[in-house]
Amino acid sequence: MRQTVLKLLAPTTGTASLVAHLAAALLVCALLLFALHRLLGPRGRRWLIAAVTFAGGLFYGLEYFLPAHGKPEKNFLTPWIEPVSVALTVVFAFTVGLGIYSLCQVHGRNVGRRRPGWHNSLAFFAAMVAMFVSGLWEHHLRLPEPLPAVVPWPKGVYEVLFNGLYGPLQAATFSLLAFYIASAAYRAFRIRSAEAGLMMAAAFIVMLGQVPFGRWLTSWLPAAGPLGSLRLEVLGDYVLTWLNTPAQRAIAFGVAVGALAMSLRLWLSLERGTFFSEQS
Amino acid sequence: MGSLEHANWFMTALFCTMSGIIVGSVLLAQRGREMFIRRIPGLSAIEEAVGRATEMGKPIFFSTGLWGIDVVTLQALAILSYIVKLAARHATRIIVGTADSTLYPVAQESVREAYEAAGAPEAFRAEDVRFVSGDQFPYALGAVGIMARERTATNFLFGAFFAEALILTENGRALGALQVAGCPDPVQIPFFIATCDYVVIGDEYYAASAYLTREPTVTGSIVGQDIAKALLMAIVLAGIGLATYFGGQHMDHSWLFRHLGTGR
Amino acid sequence: MAQAPATGSWDYLQRMPRYVIYLLLAGVVLWQLLAPIRFPIVPSSTTRDVYKAIRAAPENKLIIISVDWDASTQAETGPQTAAVIRACFESGKRFALMNWTAPMGAKLANDIARPIAEQYHAEYGRDWCNWGFKSGGANVLMAMVKNIPETMGNDVRGKRVTSLPMMKGVRDIKDIGLVVEVTGLAGVTETWIGLVQGPYQTPLTAAYTAVMAPGYYAYTDSGQLKGMLVGVKGAAEMEVLERKPGLGSAIMSAQSWGHILILALIILGNTGYLLARGRARRERA
């Protein structure tokens, strides 16, 4: 059976074969959805969702927990991991269209009704179309590496938009954080209580200990002996490794157990409200 | 150390024990056992935050973070549902910004159902649940744009946040919004604390739906989590005792370390 | 909520307008980039561990430098990548760049590697190569540990990786002597540890942005990470160990003075706060 399924999932070659596969898949999905919608009532749909959720979680859970043998280690479910992951990736890819639809809907309405700031929405469409067209065209060119001295203009446009504009804009946006940290630290770090004072002292020690200036500030203290422990870089290291690390580990333990509990509730469909039935 | 590929016997036993504790606790709660959850200030402030937006006549902005359909984001949707029901009762508009196209339809459905549950299905506006961008910084800038153009009175940030968190919260603060944030990842917590009015930290994030709804299932789950954590603490203490008694130099060759490590 | 405007000089100290803070910070950073006042950089133990791990990597095995970063963190991860590449060339170790998360990383790291390779007269395909970005997330690592050539397919120049001289005899994870993970993304290291370092005991080191590094000291403590570069400081410390000052060292003076400014602003803010509080108490009394 595995061979049959893998044969069906194998990459296809040729346009006719691809179109046939797509058409068959669409037809099967449409029929299945129609049948499910007609035959199952709301209660039946809920049971189906719970069953599919349980089966999905059970697959990954069993693959992990069932004893594995050999080198590399595997059990009877391990060969299915990759095809299932690929199938999920394909399903997720379809939702990209939904995201684009949402963006076009919101910005299209802004432009259509000439709402205040509609020119920003127009810029969105211009940027989206430019990137889409140049990206697809550039990919289609299949230029060799290293690039020739003179490149076709779609490649040039793509380079300007992606590496010349998008990349530096990302870096520029990230660099805003430095300014925001400065203003946030200035505003928030006030010694209103003893705990705030302790936090301030730790912040000073770590901030100075992490830069050469801090090391230089206490470089006159002898490295060996008890006074050496008062050097800023040593104190900073102590705060990061002996105080911060256990706290991070403790938070990680708690978050992991919380995630386990939430996962169990979702897997066993114990979660109520929101996207599940309101009834408990 | 252990592998992520397959579990050893210790991992399997630990997982079964902890799962049994959590599920058992849930079943006990569903049978009517009363369970206590302490006050969580960040979550108690949600009503105040929604009330502020209602009084000012301005909308609320809710950010679900960067991730898609994941445990962290599904918890954020549970909190969103609660906030939407509160907002719907006071006819306060709520705008949701998502950063994942797979999450977008789920979030939209979640908000629609919440409005229906609150008895105000006509208040739901599909365009108020938006996919902003799939990338980190474009999402942050898009979300800040929404806050600035819509002049939001309150911002809620629940989900998985990373470097863009400070861009969101610092701009939100500059725009005068009251901000409530929650994120299980400890790295961003300091930035939230410096810029937000209320912050929900670590475990409290996963306790949020129990705290807000007091539903037996989730309340039982939280109590079960606490018992599981106590078990982990006991194992850590036992490990500390054994390592101290037997000495570190024997660790690599000890039966215990070999079986708890690689399990081979 | 929004900051109320300052009233009075003590109040001004604790309610300085944002634009003043931003101008001061921009001015300090610009000043230090143009006319740096440098302080000696002494490598920390975690940086030394990374340096030692690269030098100790077996000669007959490859080093993988996983460049999982993009333009946003380039200011930190760029100098770190350059420092690691230089350390590999210095110690005569062959390395392969790869990327399985942020697609931009492979190209940006390529732009960093090429001029350094020219300095060391290193040849692409013989001393270093770039496997490029491989999509599939953790599946890439899961497949790579079993069969590297099949998983990597073509390199960033479109050639089959098996056609590169340095890839002769490289089959699976046992032919990898060290993995250096350079990243600004959370969750990447945990995947390397779970799928590569843990089951196959492949040595792993990392280079992180400064903000995420505190969360990974636990891994150096447990021995899962053999050292760690922390932000630009880590890159500067590697440059000191290699005796080749570069971008990391140049940026450090700006970072030092930036920290000094932030601390000075915090002191000013608290001075204003305490004086204003004292004045309020006196007026009440």
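Per-chain numbering from 1; labels A, B and C assigned in written order.
Criterion: a contact is a pair of C-beta atoms (placed from the backbone, for glycine too) under 8 Å apart; a residue touches a chain by one contact, two chains touch by 3 or more.
Quantities reported herein were computed from a predicted structural model and do not represent experimental measurements.
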item	value
Farthest-lying chain, centroid of Cα atoms versus that of chain B	C
Result of counting contacting C-beta pairs for A-B and A-C, higher pair	A-B
Rounded Å distance between chain B and chain C, as computed from the means of their C-alpha atoms	29
Approximate Å spacing (C-alpha centroids) for the pair chain A, chain C	20
Between chain B and chain A, distance of the C-alpha-averaged centres to the nearest whole Å	16
For chain A, residues that touch 2 or more chains besides their own	72-73, 170, 173-174, 181, 183, 185, 187, 189, 248, 252
Multi-partner residues of chain C (each touching 2 or more other chains)	18, 72-73, 142, 199, 214-215
Chain B residues counted as touching two or more neighbouring chains	3, 5, 137, 163, 185-186
Residue ranges of chain C touching chain A (in the complex, touch as defined)	3, 14, 16, 18, 21-22, 25-26, 29, 38-42, 44-45, 70-75, 104, 107-108, 136, 139, 142-143, 145-146, 156-158, 199, 210, 214-215, 217-218, 221, 230-231, 233, 236, 252-253, 255-263, 265-266, 268-270, 273-274
Touching residues on chain B, where the partner in the complex is chain C	1-5, 136-137, 162-163, 173-178, 185-187, 197, 262
In the complex, chain A residues that touch chain C	72-73, 81-82, 85-86, 89, 144-146, 163, 166-168, 170-171, 173-175, 178-179, 181-183, 185-187, 189-191, 200, 203-204, 207-208, 210-216, 219, 233, 237, 240-241, 244-245, 248-249, 252
Parts of chain C lying in touch with chain B, wherever the complex brings them together	1-2, 18, 72-73, 142, 184-186, 191, 193-195, 197-199, 211-212, 214-215, 222, 224
Touching residues (chain side chain A, partner chain B) in the complex	63-68, 72-73, 75, 92, 95-100, 102-103, 105-106, 109, 116-117, 120, 169-170, 173-174, 176-177, 180-181, 183-185, 187-189, 247-248, 251-255, 257-266, 268, 270-275, 278, 280
